[in-house]
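After this come two complexes, each holding chain A, first together with chain B and then together with chain C.
Let's turn to the complex of A and B:
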């Protein structure tokens, strides 16, 4: 009995989470060491560089910037993670959020609602637009069997040109003689209030909320179970009566809806409009990295997004002390690689350990049942 | 050495009588000791059988001999010299060839191309098919195999494919042939043909290591039998000195489970009915053609057949995984237009052919695996009721004797037999009206097999209808109330289990009758 209890404790999923967390921290330290070697090789002092990063990054102002930069990464990474959970690679977050940004920014100028409802309206339009763009890839996969990796990459290119055309033809605000390359500004009732004046807006709270909802839906709801089952073993899921095509559609719609929120911190929290130069790009791809680093877990994603936000926030300062700011990108890339490798190795070791423990149990040889 | 001594005495002066000697081989995998101090001596030009239950360590031992695994300790000698094979190619070079349970052939290449694949004879860098053809023909004739070398593999039956595998190994110059469960995929008539070929091979001087757990075959073909149980050698015996029962006891270490007569009667009410069920194939002919049958309450209808004669597609059609024509009724309701989930909700349950492919999420915990297909009943509103799901899984573990530390471990840590018990338990737990059981005991040990059979019988006694699809004739004969034989997409015969024998079944299964 005692033996059984102790082995039960060893199989606790909590231990697995701790295992993952520990190996992630170890991996980040290892990545910093590797980067240090790289810096040394280029004739820079790694300790000075890291010192500079910590020194500037740990000020109140920079920590707020870290949260601000983390916000769109959280949305983007969760959008990607929803797909990953059922083995769908939504590479199209980029196109989905830019499309959503344009549509919601424009729609937001055509309604007149009291403040909270106006904001909510724009967010809903953004989510619906993102989902709509993602649905193209879903329908292509369901009806024509086209791999979503291919279709979402292609749809990114289509989105860029399509958005540009709509923007230039219909939505561009020419009221000031064409100097302003943006849509019409959203009136104050449709703007997300700031948490800290001019430094951090309410979208950060929305991001945390979305992360929480992601956890509830994917890890605790029936739909989420069916989604994960379809990802873990699509054939077994189908055999158990989970409709495969429906799951593909729902997963991509949900992923697209969250993707629709990626540019919202800018659209309703900062610029109050869509503009080809003011609306941030490339977050769709960064989201893939952050989801990978966060192992598709909401908590992991938030931490990973903050880590990336932190490194991004310090990159400008580094340049001042003659360290190329691109070192930040190198650190980010190396962290991701090392974390993925170390996590893989440690989860293998963990799996081997529980397999060993399970094998120590008496074998079933009782024929006389 | 017993039977082989006469033949090998001529060469005894130059070579050892034992062509293969394994001494004190041990091999463990994480958590599992597969081989423990195994010693084995195989006389030249004999058929040496290695028998044991699934998981006893037969395959591991042969993989060590073939260089696929390296032993933790112990020595291997081939032809009298101690060797260590780091890879199969080294084993092949030393004359050891292996035919695996699962064939490794390229479907779209011809027989000849498959045989020479990997060791193509060339002249000045150009493939010389002519020489190869001549050589392959010689080998084939010498062991009495007749085969058209220009047919694509896709047009061959299972027995012929196996012959191709054997020719492939011989073409590479193998003197020692390891056959891993060669008869598992064959019907009785094909087994006889194979044995004829094997006897000719031995007469030509080849040594054969024959892995099996089918005792009748082992007794019929081998010159010596080594029994392995739980990783250790139990005994090496001569087939003349033992009978089937003795061998089985050596293998299992206890008495065999018996089938026993059923105490309950088959009911009147038809619970599963198929009428003119046809599945249209993707490219060629229909895998299932106008199949009709009924299964009554409390009845087990066995579908016997060689794999690939439409049983798989039949199950998929009944479940709704593939589109079909004709009608399917569960308790009198036509379900042929319903979705899989709706059919399952009508009381259908399915133990799939391949538990890894169709049954389990190996990386997920047992309770999540137990939940699969039961999400509807184990949730509260839109949320999964985690506590109930875990409790329900613990009940399955308890009732079906799944050996596991808890319901929290991932499914991959369990042995095949315990994984299968979980799949069976998941399906029987909700007391379905109709169970489709496809190979419910394939690849699991005798103990687990007995447990699964018991549970199926118990549910049958409670009124469940069972469609049992199996290639294991012992299973079909032991469980079924009625046997249908499926051949080439059609039901070729209906038999009573009391009157059927493996030989009669085999005839129908191959379409000979």
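Let's turn to the complex of A and C:
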């Protein structure tokens, strides 16, 4: 990936990050203009729609909802970003987190522990089962050389039917005569307390913590250095003695572990059970978009997740004012596409500029190759 | 040379037929080769086949297409809209155009702007999913029978045809005899199966099915027998070499992706126009990814894609028509692998022996012990099969060498 390469040749970090910020903001504005044209073409007033989004989104109530909606996105995006940092494309977050949700929701009902330990136990089970599902893709890649893009797509669908089968045959709560399409409810000691009653769950703090740990592990540790090095230049990394297969395994396990937390705001913060219709889906793919928008940086991911959470939180109100609420999702998809294109274009321009500068340097200082 | 090859093929097919027929008579599961099953299987094969061909065209020109699912979604929506407004043929045309729009977005993003091909595909899937939802809210809500997740039903259906004399139906008011149907109902060894299979393939066939099947030989001919096809494949195998010979690699990738998108759109169109008479949200149900799996399973070749699509279509079809015959399927697999096992023993191929022995023992155990296979597990069959194929035959698979690698003309490599 070019933009990562460019950070190696970086001369001025401050200018680089300003450049990044500037191009991201420009891309978002461009995306909004494209969506405006789309709205106009379909006979809706874009200014009214955007006005409505801002007006309803900026109330205190909606801002809390924004944080609530951002929580799973942060987990999912970080799971994807860990893979990206190693040049691995983990499309399987969807399957990993649903599998983890089912297993942890069920395991959580089989233990009795004091409150904080019980919550911790469920979180650990979720992370382990998410990592376990991701390990299939890792092993297939290491031992059989199967591209993780293909295997994780396949594993998503396998996970869906496998989960459905386990749920219907073993884990479904039959106490209600079959009315309850959920696992048995987790007792109060295993529930994550709310930060603001019924508005924001404590999992938001966990998400921020995970983002911080992601920063420490991937950007500030020896392991993280090896991970990023293997992603940037696998051959150089192997020459430097970094075990390639081990890095693939660790990266996907770590990614799967974080993915396991995606559904936790629902499982231990809201519904207190797993259910095919009550556990939210589609967060795996949303996570990819958030990670792209946040450029795999923890701070960027949090901001991007909040932006998407903000847009999501306004969709219900849009519906009332006769603007189809799905426009919010369309805006998100267009934002990501434009941001990725603009990033690619700007990093290419930046690289070319650096290469030109390097060409002017004496040969011994040539950093461009 | 070709004579012995044809003879071998003939022996193989008759042996397979004999085994199928024996299993059918043994287990009394006529559904294994009934014209009902085959007809349903054919209908289910079509969208998978077209999606697989869409993937093939994209990868042959050097671009991964994860966005087939999204292009299919465009196809279902625009196809249903066109069919609802102007009739089924225009509907199919709109389906193709809708898919091509998706292909064009993919091409602009990956070829013009060089962004990661997987990323572009994933975003197109999301964009299509929510984009058509937005359009549904604008167009379908409030119409009779329509809603946010569903289009109003279409008034016309595509005409279907039967092969006169052989498989019944009516020709200009004259009721044609149904010879194959009669043959099938006799349940004779091999002949009954032949009757069932050929009647399934010729009885009340939609013209869209014919188009889909024709796509396979036409694609094979264009890709392997024309100058355009050679250049297109060369830009997937070695774009640098192709460029040095004056091939416009990026322009060919545009063409490849437009064709790919069009085929994916047609696949979607067959779902919303032929297989049903309205658009429904989630109609594609992951078939784009099954198509991708089929492409891998078929080793990036049209005939392989056809085989894979028929296999998955048959598995899905038999599940729909007679779900209890799935146990007979285990016996079928057991006897097939038994034959291969014998062959492996005779020709002393050790690696083959191990694989077939495993398959034989596993399917035999499955036949003896399993009575019903849960619906939820059979759904994942294509994906499991693809992973197994990838894991065991990875050495023999040969994808286009440079598929997935962006190409920038004129830059050093």
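Simple rule for what comes next: the second predicted complex is superposed on the first by the 351 of 369 C-alpha atoms of A that agree within 3 Å, B and C clash if a C-alpha of one lies under 4 Å from a C-alpha of the other, contacts with A are read in each partner's own complex, and residues count from 1 in each chain.
Basically, a contact is a pair of C-beta atoms (placed from the backbone, for glycine too) under 8 Å apart; a residue touches a chain by one contact, two chains touch by 3 or more.
Predicted model only: the values in this text are computed from it and were never measured.
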{"item": "Which superposed partner A:245 touches (first chain B, second chain C, both, neither)", "value": "neither"}
{"item": "Partner chain(s) touched by A:42 [first = chain B, second = chain C, both, neither]", "value": "second"}
{"item": "First, second, both or neither for A:324, with chain B first and chain C second", "value": "second"}
{"item": "First (chain B), second (chain C), both or neither touched by A:175", "value": "neither"}
{"item": "First, second, both or neither for A:285, with chain B first and chain C second", "value": "second"}
{"item": "Of chain B, residues touching chain A in the complex", "value": "30-32, 230, 252-257, 319, 321, 339-341, 343-344, 350, 352, 357-365, 368, 371-373, 375-376, 379, 382-384, 386, 401, 403-406, 408-410, 412-415, 417-418, 445-448, 450-451, 454"}
{"item": "Residues of chain C touching chain A in the complex", "value": "64, 66, 105, 109, 113-116, 118-120, 122-123, 125-127, 129-131, 133-135, 137-138, 286, 289, 292-293, 296, 374, 376-380, 383-384, 386-387, 390-391, 394"}
{"item": "Contact set on chain A toward chain C in their complex", "value": "1, 42-43, 89, 91, 140, 144-146, 149-151, 153-155, 157-158, 160-162, 164-165, 168-169, 285-286, 288-289, 292, 324-327, 329-330, 332-334, 336-337, 340-341, 344-345, 348"}
{"item": "Partner chain B, residues of chain A touching it in the complex", "value": "4, 7-8, 10-13, 216, 220-226, 228-229, 232-233, 235-243, 351-352, 354-369"}
